[in-house]
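In structure tokens below, several structures.
Next come two complexes, and both contain chain A; in the first it sits with chain B, in the second with chain C.
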Partner chain A sequence: MPFKRYVEIGRIALVNYGKDYGKLVVIVDVIYQNRALVDAPDMVRGQMNFKRLTLTDIKIDIKRVPNKKTLIAAMEAADVKSKWENSSWGRKLIVQKKRASLNDFDRFKVMLAKIKKAGVVRQELAKLKKETA
Partner chain B sequence: MSYKYHQFQVVGRGLPTETDEQPKIYRMKLWATNEVRAKSKFWYYLRKLKKVKKSNGQMLAINEIFEKNPTTIKNYGIWLRYQSRTGYHNMYKEYRDTTLNGAIEQMYTEMASRHRVRHHCIQVIKTATIPAKLCKRESTKQFHNSKIKFPLVFKKVRPPTRKLKTTYKASRPNLFV
Partner chain C sequence: MQKTMAPKDRKPHVSRNPDLIRGVGKYSRSKMYHKRGLWAIKAKNGGTFPKHEKKAAEAAPAEKPPKFYPADDVKKPLVNKRKARPTKLRASITPGTVLIILAGRFKGKRVVFLKQLTSGLLLVTGPFKINGVPLRRVNQSYVIATSTKVDISGVNVEKFDDKYFGKKVEKKKKKGEGEFFEAEKEEKNTLPQDKKDDQKTVDAALIASIEAVPDLKSYLGARFSLKAGMKPHELVF
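Let's turn to the complex of A and B:
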């Protein structure tokens, strides 16, 4: 299988370890074989090891090391945020975060909703069973 | 990013005597882990260059030097003199890093790994930021590409915090990117 996600200038990556865990950052330049200069709209430009990054499919069009304004403009133009939130990976992360932040009442509501959904599914299943039987 | 080696500017001179009312002041930039070590290193070098020791000299100032632009990548050339098992040698090494302290740290670790030279056997002669055209080493020149592109071939699956680390896993991890 050939590689599809490359480390390149403009590649969006997700931080998977450390202080900035869960952030989406842009690879702005490559320092060395295993370090990159990354930037995000809400953090100071800094270096990060590739081991802390997971590459995503999203890539934006920027030149080497743009200044913050150009970076933010390019991110808006490529609409990174909505692309990420609509991708299945992004959606899964949002759901995970939501689940982790539920309070007891929310979990009660989720339980009721699950029971209701299971009830509806079982009714349909019983109907189908009756038809085939 | 915390660096092990800090850059200090150390200024000192010999004590004034009757024959020499205004002794010459010497300034040195060196790398040490802390200020105490920096002062000690300063006297070490000064002893080798001038006839002055810590006992008949005085420290005038010691300041830490911080990187002016830690958010840009630079190519650093480091000239050093090191002691190997057979004698002294000079070396020129190039590193790509955002700060000079980071490059020096890279240098110390690389010398230790490649040549088994420990910190106390290395003397930094000179450091400079090299523009991309004048870099000599292929390993730094290969990153001078504005359209650089390479895949990450080996993905190590790591738990996001040390707390979630387990010795045994249910299934083999998928190492493909």
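Let's turn to the complex of A and C:
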């Protein structure tokens, strides 16, 4: 199976370890075999080991090491944020974050909603079973 | 004008002698004398520093020499200036917070916090109609504070204090055992009517504000429990 996501300048990656865990960063230069220079609109440009990054499908069009303004403009042009939030990976992460931040009362409300939904589904199923039986 | 205000109202003055290092000031004693303007105060007062007249010391009442001196020296206990204070209340616990009780008869019950009593214990109520927890005292250590708050403004909790909850001391009759014992025990078990009325008045206002929030009533009626996959150190309460 060939590789589909390559490390290249402009590749968006997700940080999976360290202080910036969970952030989306742009690979802005390759330092050597194991390290890359990464940048994001809300962080200072710095180096990171590739092992700390997980590549995504998103790529933006930039030249090697652009300045912050150009980088932000390129990210806006490629609409990285909405692409990420609409992708299934991005949506999963958002749901995980929401679940982790639920209050005890919120968890109770979710439980009530689940029971209600299951009740409705079961009613429909019972109806369908009756028809076919 | 500073001088006309009472001395207590003046802002505390920063030191006129900045530290070079801790313990070493920038200015010498003579320089500081000049800076503080002591020369000006003296000049105003005609050469000497203004003095208060000493109050005439009241003649101490003549003490009689003690009749009895103890044989060994009696040790004086050390000075203890500590004051008894109620336990420090966690910042997450404010009046109206929903608490989860963790131990005792009502473990797992979600309950509304009313106020902290002078003993440090927390005054708490179910409300009684919703989950069966009456006005009760609970220790802060056996409680999880959630971030859910109930509006408690309509409730008056002034009259409740530790004495209200203390055990009633009855004069014991030492005379007849047997019959007397049984009769007394039967009387003690019922709750006095005024306590029941207190519960009702406190709960009336509370229940009104609870019913304003959807699902809150059933939330308070349900018990908390850990289910599979719930990690307490990762849960947000």
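Criterion: the second predicted complex is superposed on the first by the 133 of 133 C-alpha atoms of A that agree within 3 Å, B and C clash if a C-alpha of one lies under 4 Å from a C-alpha of the other, contacts with A are read in each partner's own complex, and residues count from 1 in each chain.
Going forward, a contact is a pair of C-beta atoms (placed from the backbone, for glycine too) under 8 Å apart; a residue touches a chain by one contact, two chains touch by 3 or more.
Remember, it's a predicted structure, so these values are computed and weren't measured experimentally.
Contacts of A:88 after superposition on the shared chain: neither chain B nor chain C is touched.
In the superposed model, A:132 lies in contact with neither chain B nor chain C. By the touch criterion defined above, A:65 lies against chain B but remains apart from chain C after alignment on the C-alpha atoms of chain A. Comparing chain B with chain C, the partner in contact with more residues of chain A is B. Touch criterion met: A:55 reaches chain B, while chain C stays clear of it.
Chain A residues in contact with chain B (one complex) as well as with chain C (other complex) do not exist. Those residues of chain A whose C-beta lies close enough to touch chain B in the complex are 1, 3, 5-9, 16-17, 21, 29-32, 37, 44-47, 50-51, 54-55, 63-65.
By the touch criterion given at the top, residues 98, 100, 110, 146-148, 215-216, 218-219, 222, 224, 234-237 of chain C touch chain A in their complex. Residues 100-105, 108-109, 112 of chain A are the ones touching chain C in the complex. Chain B contributes residues 1, 70-73, 96-98, 143, 146-153, 155-156, 158, 160-161, 176-177 to its touches with chain A in the complex.
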